[in-house]
Amino acid sequence: MTNLSVDLPGLKLKNPVMPASGCFGFGREYSEFYDLSQLGAIIMKAATGEERYGNNTPRVAETASGMLNAIGLQNPGVEKIIANEVPFLAGYEVPIIANVAGRTTEEYVKIASTFYKTKAVNAFELNISCPNVKKGGIQFGTDPDMAADVTAKVKAASNLPVYVKLSPNVSDITAVAKAVEQAGADGLSMINTLTGMQMDLSGRRPLLANQTGGLSGQAIKPIAIRMIYEVKQHVSIPIIGMGGISAAEDVLEFLLAGASAVAIGTANFQNPYVCLEIIGELPHVLQKYGFDSVSAAIGRGHYAA
Amino acid sequence: MMKRVEMTVASVREIGRDTFEMILQNAYIACNAKPGQFLHLLVDSRTLRRPISIASINQENDAVTILFKITGNGTKWLSACQPGVTLDAIGPAGNGFSYDEATMETALLIGGGIGIPPLYGLGKELSKKGIHIKTILGFQSKEYVFYEGMFQEFGKTYVVTNDGSYGNQGFVTSVLDQVGNFDRYFSCGPIPMLKAVTNKLSDHQGSISLEARMGCGVGACFACVIPTDSEGGYRKICSDGPVFAADEVML
Amino acid sequence: MTNLSVDLPGLKLKNPVMPASGCFGFGREYSEFYDLSQLGAIIMKAATGEERYGNNTPRVAETASGMLNAIGLQNPGVEKIIANEVPFLAGYEVPIIANVAGRTTEEYVKIASTFYKTKAVNAFELNISCPNVKKGGIQFGTDPDMAADVTAKVKAASNLPVYVKLSPNVSDITAVAKAVEQAGADGLSMINTLTGMQMDLSGRRPLLANQTGGLSGQAIKPIAIRMIYEVKQHVSIPIIGMGGISAAEDVLEFLLAGASAVAIGTANFQNPYVCLEIIGELPHVLQKYGFDSVSAAIGRGHYAA
Amino acid sequence: MMKRVEMTVASVREIGRDTFEMILQNAYIACNAKPGQFLHLLVDSRTLRRPISIASINQENDAVTILFKITGNGTKWLSACQPGVTLDAIGPAGNGFSYDEATMETALLIGGGIGIPPLYGLGKELSKKGIHIKTILGFQSKEYVFYEGMFQEFGKTYVVTNDGSYGNQGFVTSVLDQVGNFDRYFSCGPIPMLKAVTNKLSDHQGSISLEARMGCGVGACFACVIPTDSEGGYRKICSDGPVFAADEVML
């Protein structure tokens, strides 16, 4: 039997596959397709301090092997998420990770402590990398000092593990990774989307109402793999890898590059069963390439001569 | 309940310029679909599925009909699918038209261009229930006209074209004065048309069906929201709609 | 008649389409497919001071809607390029742009002056963005001050126009763009490739011998469009746009975003006639979207309400 | 001269495990191709074309044969192409085998796995010229063996499999001692095999055909270089090769 389980700080995963934040809502919709208990974990849509409406529409566009989105962190706010969404997810045997997004450090801390007080979730994914909001988000993610500061403060606000979600829109992602590791991050989550744009030829303007959007999907996989491979050489905290995963082979590629678990975003839109199917395929793919467990594959792309 | 299914193309034919009618077979969809719901179709392995309305339902043949216009790569690919090919679809998606039969003697259907398809299935349903139907269909120009005869079977049908090359010249709203009495209207088409229609008919009850660029198509990603009157309120077109009461959302 | 001509500093282009550096060699191979005089201009493969062998193989990998390359600037060196390659290209009615790549500022200057002395070329594309060499290249491209310095020195070494080729692997591409504009750049060329990686699952290591490679092709178009749109708002020198162009509609998208001309790289590999076919299609696409000249479309994506 | 052409699939059949023989029709290619040259095939609109050797040429039928093994998505797609489908190819690409007929009485062909195809066309050509041919073919195991009979028509043919499930057990070099005299050898296969062959036969003249991951396939991008002995020297496999003299490049 191939052992798919992975132990991460604060998270015992029966397998390394989880839906990525923002691509799975709060689980309800996909629970109509399959039993969510089969997932390794669930990362919820970003939570902000107050309810947010987000950007105007159009909010998505299709690109070659990918898509752009500029949702703008629409969500009901941390209180309502705890009241209306978490209880539903708590009905499943699956760790819950809250994606936390603030405009200010104080907002990040407030959201985290609210989740913590109610014992609602198992870990945080600190979203310092959303490219689609005017304030907060990516601002924190491009500056190592700001990233470290918000990490330290959120760490201090609870004793839940904090995975910091890094932005790929930077000259030196390793610098940010090292800074948040030193600030106490328990793990990294990478990558968020790359800032992109599509022009509406007839409208003679950017197609998305927000002008720019975050590029995700298979198109960005090579960038994700490169960044994870690079960061892995410089940090010792585990990495949750994501960016363009749509098959079990992709999961192995992320593991070899240095990820300890993976998240799947965009591919859910094409195939609502993709997480489940990948979990089913993974043992065969691991076997095919000579691994009898997920753990055995983690970081193994670094050792060959 | 929505499922992912394989649908077999039974036929495809051009019924107007760049406009195709395709019959798709799948028992589950045919059994469970309601007028106004849509299929979320995988086209050519592209990242995003394409939402296409179910235009009519034929339970005896386990089939549904879709009507679509080539507006990009996805619909172009679809138009080239040969009978026998299977398509990956999620459906029936969204909520169909709802109405109170008891209070409705006459219904007015108002469709613009490729917004017309869902109204055809609705017309068939209403017609069967003995509800009197009037229809206004708007097209760009003569070459694009389709399904006029099909709607005529339900009742009086007005066709308008923007350039006057067929029927009346103008917009669907141009003939609203001529249609006489009706109890409720159902409309689907481009947003500017829906705005004009809902404004002009603000004293009537009505249902509108909306389009939006979608991500997931199942209510999970917040790509397709439309604001409601209340502060910060919104609906998701894919899962709360695509059909809404005319005064429910802000166009 | 649709007017395709564009006037750029030092370059009178009969149409805005040129092959991108490194994807067209020095023109010989593609001259067997069509008459190079039909092109707007030709950007040659990078020239270095001395002959370079480049990286080990494998040097390329395919990705979703794109590819990775790590050629490593293999070229015969500026002297041999002038002796053996330029005379061939000079036989065509087409402006020649030399892509200049150094390890040091001195090398950049030396290459440029060598080209200048022999009147061999019409303009320079200053490659401060190659991700595939250990020294030089991208080092210059990520630091605005270094980028400005090398631009100023190359400008001083000749009176040929200098187009600085920017790297997308940065947090703030506008900062680099503004710095090189101030240093005297006549134009910008953007974007070079994004650093990426692919794992070889069987080999359990990066597939490319150089480990990382530059991501190009349709996958990166949304990033190119975003960066050009952003930079266009802050500089007044013209932009040669590139990244994922494979059809005439793509050219219009780049023009609307703010490019004044375009270069086509990766698409030549799939279709050796792609530049020619796009030049042929462009008038129809411009007409379809209501433009009667290329100039009329440049930057027009910025004005809509 | 290389051209971009449309080739029509005339037939495709599996001739060994995951190994396919495909006949492609195009008069220009059939007329101009030489053994050892390759086609650069567009597969499924992917970014990079796939280089596949021309395995044999049939000028009377305007056809060439290719043999390929499924090793990834591109070759998988190719294997599923039905007769009648057209493929976009650039070819004939690269340089074929060259040799001096006058000084060659006996030729030894040494092929490993999917390196065997170009040797078949060469064998046909040499055979027609009355040159005596011996062949060594190496495969992973029995299920992968193909074209043994075809080579036997040229002359004595030795088959080795790595696991010994068919013919001799071992590598192609294991039977080199048994083949007796020959004037020149021609070899194609994986790099480790070519290294072993050229080492063992360093006292013979030989030609080897090489593989490399390619970008352009026409000599423009420097993706496919291989170093030569001299300082900084190199050859491009796509345009200077894929066939080289055994001592021309450094494996």
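Lettered A, B, C and D in written order, each chain numbered from 1.
The working rule: a contact is a pair of C-beta atoms (placed from the backbone, for glycine too) under 8 Å apart; a residue touches a chain by one contact, two chains touch by 3 or more.
Not measured: the values here are computed from a predicted model.
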Neighbouring chains common to subunit A and subunit C, by label: none
Contact-linked chain groups that survive once subunit C is dropped from view: A, B | D
Inter-chain centre distance, subunit A versus subunit B - centres from mean C-alpha coordinates, in Å: 36
Computed distance of Cα centres, subunit D from subunit A, in Å: 46
For subunit A, residues contacting two or more additional chains: 63, 65-66, 217-218
Shared-contact residues (touching 2 or more other chains) in subunit D: none
Topology of the chain contact graph, where touching chains are joined (line, ring, star, complete, other): line
Touching pairs among all chains present in the structure: A-B, A-C, C-D
Of subunit A, residues touching subunit B in the complex: 22-25, 28-30, 32-33, 45, 51, 53-54, 57-63, 65-67, 69, 71, 74-75, 217-218, 266, 268-273
Touching residues (chain side subunit B, partner subunit A) in the complex: 1-2, 4, 42, 45-49, 90, 212-227, 232, 234, 239
Subunit C contact footprint on subunit A (complex, rising order): 63-66, 68, 142, 169-172, 194-199, 201-206, 211-213, 215, 217-223, 225-226, 229, 244, 249, 252-253, 256-257, 289, 300-301, 303-304
